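Dropping a structure here in structure tokens format, bear with me for questions.
Think of it as A, B, C, D, E, F, G, H, I and J in the order they're written, each chain with its own count starting at 1.
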Amino acid sequence: MTINEISQKLLDAKYRSKLSFAQIGEAIGRDEIWIAALCYGQASANETEAKHVLGVLGLSLDLFPSLCQSQSKGLGPSVPTDPLIYRFYEIMQVYGYPMKAIIHEKFGDGIMSAIDFTMAIDKVEDPKGDRVKVTFDGKFLPYKKW
Amino acid sequence: MTINEISQKLLDAKYRSKLSFAQIGEAIGRDEIWIAALCYGQASANETEAKHVLGVLGLSLDLFPSLCQSQSKGLGPSVPTDPLIYRFYEIMQVYGYPMKAIIHEKFGDGIMSAIDFTMAIDKVEDPKGDRVKVTFDGKFLPYKKW
Amino acid sequence: MTINEISQKLLDAKYRSKLSFAQIGEAIGRDEIWIAALCYGQASANETEAKHVLGVLGLSLDLFPSLCQSQSKGLGPSVPTDPLIYRFYEIMQVYGYPMKAIIHEKFGDGIMSAIDFTMAIDKVEDPKGDRVKVTFDGKFLPYKKW
Amino acid sequence: MTINEISQKLLDAKYRSKLSFAQIGEAIGRDEIWIAALCYGQASANETEAKHVLGVLGLSLDLFPSLCQSQSKGLGPSVPTDPLIYRFYEIMQVYGYPMKAIIHEKFGDGIMSAIDFTMAIDKVEDPKGDRVKVTFDGKFLPYKKW
Amino acid sequence: MTINEISQKLLDAKYRSKLSFAQIGEAIGRDEIWIAALCYGQASANETEAKHVLGVLGLSLDLFPSLCQSQSKGLGPSVPTDPLIYRFYEIMQVYGYPMKAIIHEKFGDGIMSAIDFTMAIDKVEDPKGDRVKVTFDGKFLPYKKW
Amino acid sequence: MTINEISQKLLDAKYRSKLSFAQIGEAIGRDEIWIAALCYGQASANETEAKHVLGVLGLSLDLFPSLCQSQSKGLGPSVPTDPLIYRFYEIMQVYGYPMKAIIHEKFGDGIMSAIDFTMAIDKVEDPKGDRVKVTFDGKFLPYKKW
Amino acid sequence: MTINEISQKLLDAKYRSKLSFAQIGEAIGRDEIWIAALCYGQASANETEAKHVLGVLGLSLDLFPSLCQSQSKGLGPSVPTDPLIYRFYEIMQVYGYPMKAIIHEKFGDGIMSAIDFTMAIDKVEDPKGDRVKVTFDGKFLPYKKW
Amino acid sequence: MTINEISQKLLDAKYRSKLSFAQIGEAIGRDEIWIAALCYGQASANETEAKHVLGVLGLSLDLFPSLCQSQSKGLGPSVPTDPLIYRFYEIMQVYGYPMKAIIHEKFGDGIMSAIDFTMAIDKVEDPKGDRVKVTFDGKFLPYKKW
Amino acid sequence: MTINEISQKLLDAKYRSKLSFAQIGEAIGRDEIWIAALCYGQASANETEAKHVLGVLGLSLDLFPSLCQSQSKGLGPSVPTDPLIYRFYEIMQVYGYPMKAIIHEKFGDGIMSAIDFTMAIDKVEDPKGDRVKVTFDGKFLPYKKW
Amino acid sequence: MTINEISQKLLDAKYRSKLSFAQIGEAIGRDEIWIAALCYGQASANETEAKHVLGVLGLSLDLFPSLCQSQSKGLGPSVPTDPLIYRFYEIMQVYGYPMKAIIHEKFGDGIMSAIDFTMAIDKVEDPKGDRVKVTFDGKFLPYKKW
């Protein structure tokens, strides 16, 4: 993965600031995941949001256009090599068709939107080992017949 | 995707039976997604479970070994072409690094297990369009230092 | 491309019947492209529609479940070799980013849905050579911020 | 996607100028999409057009040769990762063979040209959500028999 | 390469008949290369031509629809392994950009059509070793500006 | 495609000089295509030829070793994205096996050399649209039996 | 393989220091392989460990954040070209399914963790040629049924 | 993965026999992993060994040539999708260069042979979860200088 | 690798006959490697040679056309998985550019033909382990300048 | 192919020195191919050899560590585009399985080592065109049974 220059600046500034994504998000009224997506160039902010984030991280407000413009989304190789990200790819490989069958059964022919979509990541403490809970919430879009 | 012969038999029998995955699951005390994964050859049952599923679907109990043996997991091409499954791939492409950053921040260096793992898919009714809610629940595994 | 057995049956029956996709569509009240998509296993019908199409083509009505079930969508290799289909791939390669920039400018950050979507193909007669007019009509989906 | 240096200059200048592609196009008598294609290095201008565009964007007219020379066309990876562009790829995957069958039926064996070709993108307002209307207009080219 | 069943039948019949492609072509008034393309499923005939070819090769005339219908074009892997065909791929790899530069210089921005296109292969006898002469003749298509 | 630095210098100098490849070729007694291949780093000159070309283009003669040394040949991705170059790839995909069959029929088992090889590109004026005529002339090499 | 800048600094400093990975490891109480993984950016240290390693190698302690942050793991192409690394890939290709069958037989359906995992590489002297002994020690993770 | 017919026969017979790979190995004096490799067509036996294995599994001794002939080795796709096998691929991706550095440091420039090679898989019981211990033992082969 | 039906017949007959490739070659006056290439469908015989080989192997002479016709050459995946064949691929990866530099230095810009080409494989006995000696003998083909 | 900086320095110095690989090799008692492999970063020297080569080429002796360290081997894309190198790839594609069958017949199941390996390239003068003779000499390694 090569992330672009502005992403690198945002992530370095965040590291130095010792702020969590959640803390940055609270400051501007957005979720931690949306903030992380913005930092990696995967979401775009409006001018107010962009300047707010830059201010919280102590960066020059002049950088705001980089956070607002249309940019190519999608990071990394088609099969991820990073083990954490690979596990989500593996879930799609192993459970993809079972999930499709279940969604078809419950909703009919269509998809879960990845655009009209939010996500949450929670830490569930457990004495046998903490658990990661990931929740996807996407609008069901039925195939249009015409 | 080419699914193997036993999967095709299970899915055809399920279609004829008009049973949902959830109904099959209730009959043998397992979740609908695990049942779907079993039907697609992505999970393996013990002999009792295998015979139970075959019986519910009206198939010969002699088929049980096919549901119990070790088999190669993972379906379909490295980049899925089916739109429903592609959306989960897209989430990994777009949100993968943001998710990694959040998990690293909350848990440290490690992964969410895709093995010590369960999943649920729920339908959330919404007047603006129903929503698909997918929940992943996997154990956090920290990298061992030695 | 290998199309599945039921698709081959539908296309062979259509050839023998000398019916156009439009004529089949008229018979059941659906557009020619949706009919073509159904024949290639890329759309799914309800039981009534399925039996109607089978009847028009003189095929056994018992085949209807194959036209109704969830199936994997997406045909052919990742880069198409057929020249007609390649041209649409080429348009995406050459005009993809310009189209993204125009859509971003007019609508903001988001996508054109390929699910809440219809398409038409028209023949425009022209003395210098007839022209193919393809119209895509898809709902704009803005990225959700949260 | 890595766009070349001159493209980056043109897009940055456009952002600063707050001009839309349509406004630049009006100034020189060309469509907004052709302008966008030119900015991304996917079309080539003559010297007059090139200088006109550079002038409108406040860039040095000496850059004109970069807008006129032969250059390699085609951007991005063979399967796009950007969700907006992917949807056009998905349409080709899902509807490619149905479209081929319809065009063959209406025109005979041949293709829609992607060279003798124009495109338009319109915003269709709709209370249930605005729609993107994309129109391709390409000459039909029949296979020559010899 | 896997060629389809009808192609195999045509090629086997041709081998048994000891007719050359040119002789088959003469019988029906078409060039040898077009005949070869038809045999490999890369061109489509009208009913008269199809029956003529089948008759010359002593095959059942009932096979004619297979020679007339729309079918997916393009054979073999994306990089050919057959040495003869690879050499044409190598020419494209080595001389592709030089050819583009020459064509751009002579014609302007555009392409040589591979559809409004004919080809000839001649044997040029030479005491130092016979030479293969391949001639491509395609219409120049300039990029449309709009 | 990324061409190397010396190629970029040669092509820029050619653009400034307003000389065609043919004019450069005449000056040193070589064909325009060979000159273009040399400029793209796909052919190698001897010292005299190299200095001659550099002189014609007004570049420093000290650059000559770059035009003489062994260098890796082959440009661009395995499937070209540039539409002009893609058409030659498409010809190989569509007509490759027919061409192989014709050559086998006329010459026996072997190949057309891409090394003992020359090429010409001519413009054939035509009121219905000018045509590109490409001629390949390569030695036939029969497979050696031993 | 392109390793990042900090990795290059660590490896160069190690070369100059003539310390082995084992000696660096002893200094900070970690195994030689973990140290090597850290140097290649494949493991992450805490601040104390990071500064300790930097000190041993005579590098600026200010570099420590680079050794602690979340970074993308996985090096090199999907099929390795380096012969030493390829042999491990080959073992997976040749012995992968046999290993899966043995592990399934001994443990049931599940995997060996590559996260809760340590490795050792030993030199076993042998008059017929020394042998490399590689030991993987990973926790067995059974697939969860739910 | 598609395993060949004889492998499928051996694995089915083994399943019916309820013998472990180790028990089959004991009967003929070979290790369990070599037996598993033989069953998957990745090792070749001599006639005595082949007949012995067939006899133990109750299969026809006439099948022995299939266990003795040269056959193509290597199973599955270049990046494995099966989670158990993928973990070994991941180890090569993540730890490959660190392993190379350690082996180079201990042995010099060369490789661990995957041919003059044996492997063992042991179950190490552990109250916190059993562990898989995999041991590779391969001859070190130094690069020859000449 | 999937070899075609006629190849499988030839190889099975050879196994039953207990003849070596060299013995078959002697019977018809051809080298063992050419015979092996013929058996794998990589070389083509004339009618006399084809019948001779079929006779020696006790197969029906009616099969001769399969050994004489033009067929697609090249076996297996683009990167071989079989360890023996991979080693030759590895030699090309590791020593390819060094070989090119040496050949360029000794012969000038050109290639070693793989068509006007023979090969031999010899066993050189050696107390430290027998050695495989492979000799390629191909005509040098200089790039034509024109 | 991108070769690293030190390789570029060595090759440039060699070009200026007008020394052949053989002459450099004579100076330090090594074969021309090993010298070429060293220059391309595919072999590693000891300190004495490294300094000797640097001295012969008039380069700073301080560069020696770059010639001695472990580095990733393998150059260029998985399918080579350079015609000279491609021919060796083609030999592997066309003759790979025949070679495997011959080696299996002569030696049993195993491989030719590419590590305990030397190579020679000779020019054989021939009035019909000089020939390239390439000799590989590698130790046979039988698969270990255990």
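FYI, a contact is a pair of C-beta atoms (placed from the backbone, for glycine too) under 8 Å apart; a residue touches a chain by one contact, two chains touch by 3 or more.
Predicted model, so just to flag it, every value in this text is computed and none were measured.
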Checklist outcome for this item: The chains touching both chain B and chain F are C, D
Next on the checklist: Keeping to the contact definition above, tell me which chains border both chain D and chain E.
Outcome noted: C, F
Checklist entry - Relative to chain I, which chain has the most distant C-alpha mean position? => result A
Next on the checklist: Suppose you list every residue number at the chain B-chain H interface; are over half of them used by both chains (same) or under half (different)?
Outcome noted: different
Next on the checklist: If over half the contact pairs have to be identical by residue number, which pair among E-J, D-E or B-H is the repeat of B-C?
Outcome noted: B-H
Checklist entry - By mean C-alpha coordinates, which chain is most distant from chain D? => result H
Item to check | A-B compared against H-I, more contacting pairs | outcome: A-B
Checklist outcome for this item: Distance between the CA centroids of chain G and chain I (whole Å) is 41
Next on the checklist: Using mean CA coordinates as chain centres, what's the gap between chain C and chain G in Å?
Outcome noted: 49
Checklist entry - So how far apart, in whole Å, are chain F and chain J when each is placed at the average of its C-alpha atoms? => result 29
Next on the checklist: Can you pull out the residues of chain A that are in contact with at least two other chains?
Outcome noted: 1, 33, 72-76, 78-84, 90, 93-94, 97, 100-101, 104-105, 110-111, 113-117, 141
Checklist outcome for this item: Inter-chain touches occur between A-B, A-C, A-D, A-G, A-H, B-C, B-D, B-G, B-H, C-D, C-E, C-F, D-E, D-F, E-F, E-I, E-J, F-I, F-J, G-H, G-I, G-J, H-I, H-J, I-J
Checklist entry - Can you name the residues of chain J that touch chain I in the complex? => result 1, 3, 11, 20-21, 32-33, 36-37, 39-40, 42, 73-76, 78-80, 82-85, 87-107, 110-114, 116-117, 119, 121, 123-124, 126, 128-141
Checklist entry - Contact residues on chain I for chain G in the complex? => result 79, 81, 83, 86, 90, 93-94
Checklist entry - Which of the residues in chain F end up touching chain I in this complex? => result 30-31, 33-34, 43-44, 70, 72, 97, 100-101, 104-105, 109-111, 113, 115-118, 141-146
Checklist entry - In their shared complex, at which residues does chain D touch chain F? => result 65, 69, 72-75, 78, 114-115
Checklist entry - Which of the residues in chain J end up touching chain F in this complex? => result 1, 15, 76-77, 79-85
